Amino acid sequence: MDYTLLFVQTLNGLQLGLLLFLVASGLTLVFGILDFVNLAHGSIYMIGAFICASLTLWLGNFLWAVVIALPVTGALGFAVEKLVARRLYEKDHLDHVLGTFGLILVLETGAHLIWGPAGITVPLPAWLDGQVELFDGAVIPSYRLLIIATGLAVAGGLFWLVNYTRLGMLIRAGASNRTMVSALGIDIATLFALVFALGAMMAGLAGMLITPITTASLGMGGQIIITAFVVIIIGGIGSMKGAFIAALIVGIIQTMGRSFLDQGFEFFMSENAAETAAPAVSAMAIYILMAVVLAFRPQGLFPPKVR
Amino acid sequence: MPKLTRNGWVTLIAMATLAVLPPLLLWSGQPFYMDLASRLVVLAIAAVSLNLILGFGGLVSFGHAAFIGLGAYAVGIPAYHATWGGFELVASYNGLFHLALAIGVSALYALITGAISLRTSGVYFIMITMAFGQMAFFLFQSLDVYNGDDGLTIDIRSELPLINLDDPLQLFILSYLSLAAAMILVKVIVNSRFGMVLQGAKGNNERMVTLGYNTYLYRLVAYVISGTMCGYAGFLLGNFTTFISPDMMHWTRSGELMFMVILGGAATVLGPILGASAFVLLEEFLSSWTTFWHLPFGLMLIGVVLFTRGGLMGLFKGRGR
Amino acid sequence: MDALLRVTDLKKTFGGVTATDGVSLAVDKGGIHAIIGPNGAGKTTLIAQLSGTLKPDSGTILLNGRDITLKPAYARAKLGITRSFQITSLIMDMSVLDNVALSVQSQSGHSFRFLKPARKIAAVRDAALGHLQQVGLDARADMVTSALSHGEHRLVEIAVALASGAQLMLLDEPMAGLGADEGAQMIAFLKTLKGQRTILLVEHDMDAVFALADCISVLVYGRLIATGTPDEIRNNADVRHAYLGED
């Protein structure tokens, strides 16, 4: 057993998990508080990535690009909320799903029109492109550590926001009793728009962080949204804690599965069979996990208290 | 009941047009329209199957495209092995074998995923069916032997007794008759005692449970029937396009299916056919106009959700907003 | 004489709240037994455990001597319990007759029957119409349920409960939202059921309770503080204290 590889892959899994958390948290926040199912969340992740990529190429500076792209993405989320989402709240979840599905088509085609069919590759700035040797033989790109640090910082910030600030209190109150909060004179409409924007920013941030490693591409939104859904289903829809834990589990399983499953299979299968079966099963792994969790807890691992 | 007769007439006229127009166009030297019609009809079968559980049962399955893919691969994989060897157990060009495989695999898949998904409801159910659909997508995408993402092309269509699927007209006729049969089947099921329970559960599940119905079982049975019917549509589609890829199972395909059902008017017999027609024709028209046809299409979808109730059939019935 | 329903030491806790705190009661066949109590006393939670929607943490529920404590909700109808809901719980976009017919249909074994059009089955249709006649709504049979008034909805709920054939009917605030006339109508109708069915009634409307009940139980914070005839309850000091505060 190659422990160094195991460690590196665990770190990879952690990275993926934290990025997933950034996306899933917005999704679960919007569902938990606004009772709104937003399929287009993945598209915002994609657009955030593209905006940041374009800005990086234009400004020549990745960090500044992120700093500017974040509020821009937030503003996009705000706009989407005001123009589309708001009108769908009073309808049932099916309408949310269909409406945001149409929104995905609009946003993705829009992105295609603006940025073209090929993706945008963004090089890492030199100071981030280094490597760190954590211990004997375990060499990690320092950017990965940055992503992990950022993910943890955002998670911590969210936790603080929701539990220790006035805004967070309003958010939690709005989640459990919308009418009451608006009766108290709080502008629910703006509150909701802010929550939406916050979710959008986090999704955008995830997209921005991953762009230097892969590329900003048109298909990335569609790819991440389903995984994000699996995360919040496993974690419990509406629960931040659930999203965090589930995201880490899913990230690690996906990474480990790809790396180690074939070795595991070779214990009881021929090498050929393992080579075919392993990618197939690891592709399905998180869904199998979801099914198992649901078999025992149909509401997810940490469902929030019922309204 | 006058309202029903009006719907009945509309249905009859629509189906008659569909039966007559494409062959006419074929004979007048425009085979393209026959192809369009065949595709429309096959998708309509899938939409009719989804309508059983979505429109009448209130179960929003966002993973139904998986069944289409399974049915199509039930044709593709045996044909592949029959051509290139290997996996002798399934290698075959025999259409009846493909059909049995398509139905069997779809039913099994529906049983397993349905048994798990139906333990949840509401938005959980939507997301879980979507996730299972994607699982099937990723599974087939990972199978390099069948070209994964690049898809499988078959040279030889399913060999059926009496029918030659290489003849577009015969393929169309088989599909059309299948559609008619599917519509009748759904109508009979919906009006039966089983159907009453299903519809009752859609309206108020807790009430039905209190009355003594184990609604979970009824829904599971409906889900399996629906999935199997959709798998059959996949069998036809695979034979029609001869190109089979995981993309057929992508969740966006499921979304399009749902749109056909909702657009056409859920909980009506003709609705899915109208929806499928509207979708196929729109796609054809818009994509010949611009490659960015998804944009006006998406806007249109948003518009339909925001501004209409009951879809096209609702407009027929006079229930538009 | 053995009671139709015998509840023994039922307990249910949610988080920190004890909704049902060792409730025991017995309901005799053919009578009307009412459960009253201030808001938050746990009346609906009790009904939910009796109908099977909620599992009690401990205690037993015996129906005709048979232990049904852990039986799932859908099984209880066949065993002889049915329930109506505090907030009208009918299938709004189906006809009134359909709603009652579904109740009738549930009695005849399973409904995995795919061929005959359900609405054409005379036995079911006639039985359903009969129950609608009983509550005086047979004229409305073919109307869509959403078109009826609230009072008529409450009556349809009763018809649905009757049609299930269950001996024990759990009625959760049947008077809810009814005006004076409709309320009187409902009371008069429920009186006609005495002897035919056994009713366990949860109610806030004291006029209805004292007009109908043979036996009253008072539930306060999940505990039954008194059980007795209407006169006994009227004069019970604990009850007065619970409802009216200091004497």
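Every chain is named by a letter (A, B and C) in the order it is written, and numbering of its residues begins at 1.
Here is the rule we use: a residue touches a chain if its C-beta (ideal position, glycine included) is under 8 Å from a C-beta of that chain, and two chains touch if they have at least 3 such contacts.
Bear in mind that the values here come from a model prediction, so they are computed numbers and not experimental data.
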item	value
Chains touching both subunit A and subunit B	none
Core chain by centroid distance, with centroids computed from Cα atoms only	B
Farthest chain (mean CA position) relative to subunit B	C
Interchain centroid distance [CA atoms averaged], subunit A/subunit B, Å	31
Centroid distance [mean C-alpha coordinates] between subunit C and subunit B, Å	43
Between subunit A and subunit C, centroid-to-centroid distance (C-alpha), Å	48
Residues of subunit B touching subunit C in the complex	188-189, 191-197, 199-200, 203-204, 206-215, 218, 221
In the complex, subunit A residues that touch subunit B	31, 37, 84, 87-88, 91, 93-95, 97-99, 101-106, 108-110, 112-113, 222, 226, 229-230, 232-233, 237, 276, 279-280, 282-284, 287-288, 290-291, 294-295, 298-299
Interfacial residue positions of subunit C with respect to subunit B in the complex	51, 53, 72-78, 82-83, 85, 89-94, 98, 101-103, 105-107, 111-119, 121, 160, 164
Touching residues on subunit B, where the partner in the complex is subunit A	60, 62, 116, 119-120, 122-124, 126-128, 130-132, 134-135, 138-139, 141-145, 250-252, 255, 258-259, 262, 292, 294-295, 297-302, 304-306
